[in-house]
Amino acid sequence: MNDMRIVERTVDTHDVKIDAKDVNVHYGTSHALKGVSVAIPDKTVTAFIGPSGCGKSTFLRCLNRMNDTIASCRVDGLIALDGEDIYDRRVDPVQLRAKVGMVFQKPNPFPKSIYDNVSYGPKIHGLTRNKAELDEIVESCLKKAALWNEVKDRLHSPGTGLSGGQQQRLCIARAIATSPEVLLMDEPCSALDPIATAQVEELIDELRSSFSVVIVTHSMQQAARVSQRTAFFHLGNLVEYGETGQIFTSPQDPRTESYISGRIG
Amino acid sequence: MTNDNPHIASAFDRDLEAVQALIMKMGGLVETALLDAAEALVTRDEEMAIRVRNGDNAVDALEEQVNAECARLIALRAPNATDLRTVLTVMKIASSLERCGDYAKNLGKRAMVLTQMAPIGATAGSVRRMAKAVQLLLKDALDAYIARDVALAADVRLRDREVDQMYNALFREFLTHMLEDPRNITACMHLHFIAKNIERVGDHATGIAEQVIYLVTGKHPEDARPKADVTSGPAE
Amino acid sequence: MTDISANGAAPQVRSSILVQDVKMRRRNAAETRFKSYGLIAIAISLAILALMLFTIFRDGISSFRQAQLTFPVELSAGILDPNGARNPADLAKVTTVGYGRVLDVALLKALADKGIALDDPKQATALISKAAPAQLRNIVLANPAQIGRTIEVEVLALGRVDGYFKGRVTRETAERDPQIKPVQLDLIDKMRGAGLVALHFNWNFIFGTDASEQRPEAAGLGIALIGSAYMMLLVVVLSLPIGVAASIYLEEFAPKNRWTDLIEVNISNLAEVPSIVFGILGLAIFINFAQFPMSSSLVGALVLTLMTLPTIIIATRASLRAVPPSIRDAALGVGASKMQTVFHHVLPLAMPGILTGTILGLATALGETAPLLLIGMVAFVTNYSATPLDPATALPVQVYSWASRADPAFIERSNGAIIVLLAFLVVMNVVAILLRRRFETRW
């Protein structure tokens, strides 16, 4: 596409944050991802779309090694975060996950207070020296997650008592509290109503200024709304990866075309 | 309308087909109006000219209907990719056809006036030839749209040049007539406007052809469209 | 339009939703029947429970009240403290025989005062329990200053007196009873009229030590209570950490392979092993091999721990598995290590389930008799055990041994012991429920 855009949507000016080259994932004998290569730019929202079982969530979970928890899962290929291979033997996945935060499909706040939810990450990673610093982190993260005004008077009431949208924003606050460099989101709005979805999407757009955000979504409209780059997965292959506007107006691959226009492909 | 790859939601396909059928209907009306107006001009048939003038209301109504359907489609189906481009081109084509309809109406009006005046040489025949050529252009553009035929659309773009040349020839002819006898000026001015409007319809046909190319390829044709209308250019 | 539908079928009558059709009625009837089966099942089980509780309470509640003789006793210094020095060492030398004589004299005097005539003084003195002199001795030794004065004492009456009050002993049975004569029953009636003998609340039954075959009136549950309490405490302390640790390892850390499968199957099998097998195991390992003291609550606790562990492990694993994986994902997602995930998030959520499993295991262990019999906890113990290493007995074992004694007075006490056992269980459950509620209300 040409660069003569009136709306500021710079996507090609940033450095590559995550560089995946020829990633293959096997679950036991099934080949879940086939030779995926993607360069995810920094400070950009990248959306992964595709039908169920296409490997998009699998790939997302490779990016912070959440697949390690599945015994039968085997990952080949290179995934580099700022040029460092995250599957290197010296990498501790726990440390990696502090840098690559994750928000899940279902809002899953810990059954603890709102404050404890947000402060948990900084606490276990020893990011703060005292209570005042922790308070500060909690407040700033809740503010970033656009939740502060709604919960500031009840920080010590349980996080599970919030509404679905608030819970998901709490989970985002919790994820950004460890000051990650990349935020992975696995269908973060699939359990939310449209208003809460809009709030979370607005939040994602704001987070873009500080993080590289990767979002898996089943809603193509959501991918279109929030992302700058879109990758379409199909049957374990990365079919097409490009600027979101281009993917949604004139995709190059007929499979992408069929999928995003709702045809039996 | 190719439908070898239907939507999962068949109602979406039906909606898209319905709105495109409206376009076809509009195209048919406009083509007929164009030919009839030229015919009325040649045969000095005032009644036919009046019919053409009144016929435009139908085209306008159809355009309204197309716009409403497209708005519905966008709101309810959130079309993407080809579907999005289809809806966009349908709207543009509808608006082009509506303009063409207006031109045909204008042709009719002027034909009515011209029946009251002495004919200017054989220009009416030339105008009718030009109208015929443009109608063919419009028909081909719409056929290309139906068949998603890029080659035919590209051909339409090229053939617009011929229309432009016809217009240039007519322009010179009118000039000559006006220079010969100032009493011809009124009729010639009308005839010139008629020719100009027909030429504009040709331009719209080209525009439709370009929409076809965008619809199929996702890209607007990059090369500048070949132009042969030199009357508005720098002095010859 | 005609009534014939498009495919030419017979005209369809539109059925009204206000009328139930045949199928619907049948379905509703089946549903009603099924509900009534359920209600009947519940009613039957409730009735059986109620019957059981009713019989236990009918036969056992009376054991909490005991016939006691109340009369003034002159603590004559001449008999109880011949030296007159009130020296505790000298006082302790006086045997229960001496105290028995004091009691006999005092009772006869009291009868004379009330104007109750006797054919034979033995008829009256035989009504004093053989445990009574020891009671009086304890009273005196607790406060030697009372010697020389006349005090009002309350001592146990003979078990037959108690039985007569509770309807167990009648004139017919007394005819054939070597311990009591019908004429004595008349005497008891007169004494009751004079306020010398009555039923009083019997703390001794709950806290006293066991007594011999001849003195059912003195038998108490104290040692069984201590034994059971020690064992429950030790079982919790031993099996909860071991069981929870094993479950966490198996559920969260262990690789899933043939070995863990084998262990899993074996744990499930252990839960099904008859408890007596654990008794034999305990006898072989803890007593014969490890030389732990026989009949001690420690050995009992170890055996019961072995028995309870599978139950706790199975319950704990089930409740760990029931913690939604999203919580684990969330913790791992913010960079918690596996152990932090388990201890900060999974375990607290599983805690109510673990407590439920534990209390189930403990309740079974509390009611367990067979393995304890094998390790000698059925012994006749008369000294309160100070530590878990001392010999003790347990509530269910006490129920068992009392129930097997000849004197019908022990049957009443056996039922009473069941009531105490049930109360023990209720207390334990209440504690568990309170604990669980605390864990649950934390979020």
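For clarity, chains are labelled A, B and C in written order, and residue numbers in each chain start from 1.
One rule holds in what follows: contacts are C-beta pairs under 8 Å (C-beta built on N, C-alpha and C of every residue); 3 or more make two chains touch, one makes a residue touch a chain.
Just so we're clear, the structure is a prediction, and the values are computed from it rather than from any experiment.
K.L.:
Which chain has the mean of its C-alpha atoms lying nearest to the mean of all protein C-alpha atoms shown?
P.N.:
Closest to the centre of all protein C-alpha atoms: chain A.
K.L.:
Skim through the chains and flag the pair connected by the most C-beta pairs in contact.
P.N.:
Greatest count of contact pairs is found between chains A-C.
K.L.:
Which integer distance in Å separates the CA centroid of chain A from that of chain C?
P.N.:
58
K.L.:
Calculate how many whole Å lie between the centre of chain B and the centre of chain C, each centre taken as the average of the chain's C-alpha atoms.
P.N.:
Each chain's C-alpha centroid was found; their separation is 101 Å.
K.L.:
Taking the mean of the CA coordinates per chain, how far is chain A from chain B in Å?
P.N.:
Centre separation, chain A to chain B: 50 Å.
K.L.:
Any idea which chain A residues touch chain B in the complex?
P.N.:
220-221, 224, 248-251, 256-258, 260-265
K.L.:
Which residues, counting only chain B, touch chain A once they are in their complex?
P.N.:
Within the complex, chain B contacts chain A at residues 5-9, 12, 78-85, 217-219.
K.L.:
Across the complex, what residues on chain A touch chain C?
P.N.:
Touching chain C from chain A are residues 64, 66, 69, 71, 94-98, 101-104, 106, 108-113, 120-121, 124-125, 158, 160, 171, 174-175, 177-178.
K.L.:
Can you name the residues of chain C that touch chain A in the complex?
P.N.:
Those in contact with chain A are residues 255-256, 324, 326-337, 340, 344-345, 348-349, 443.
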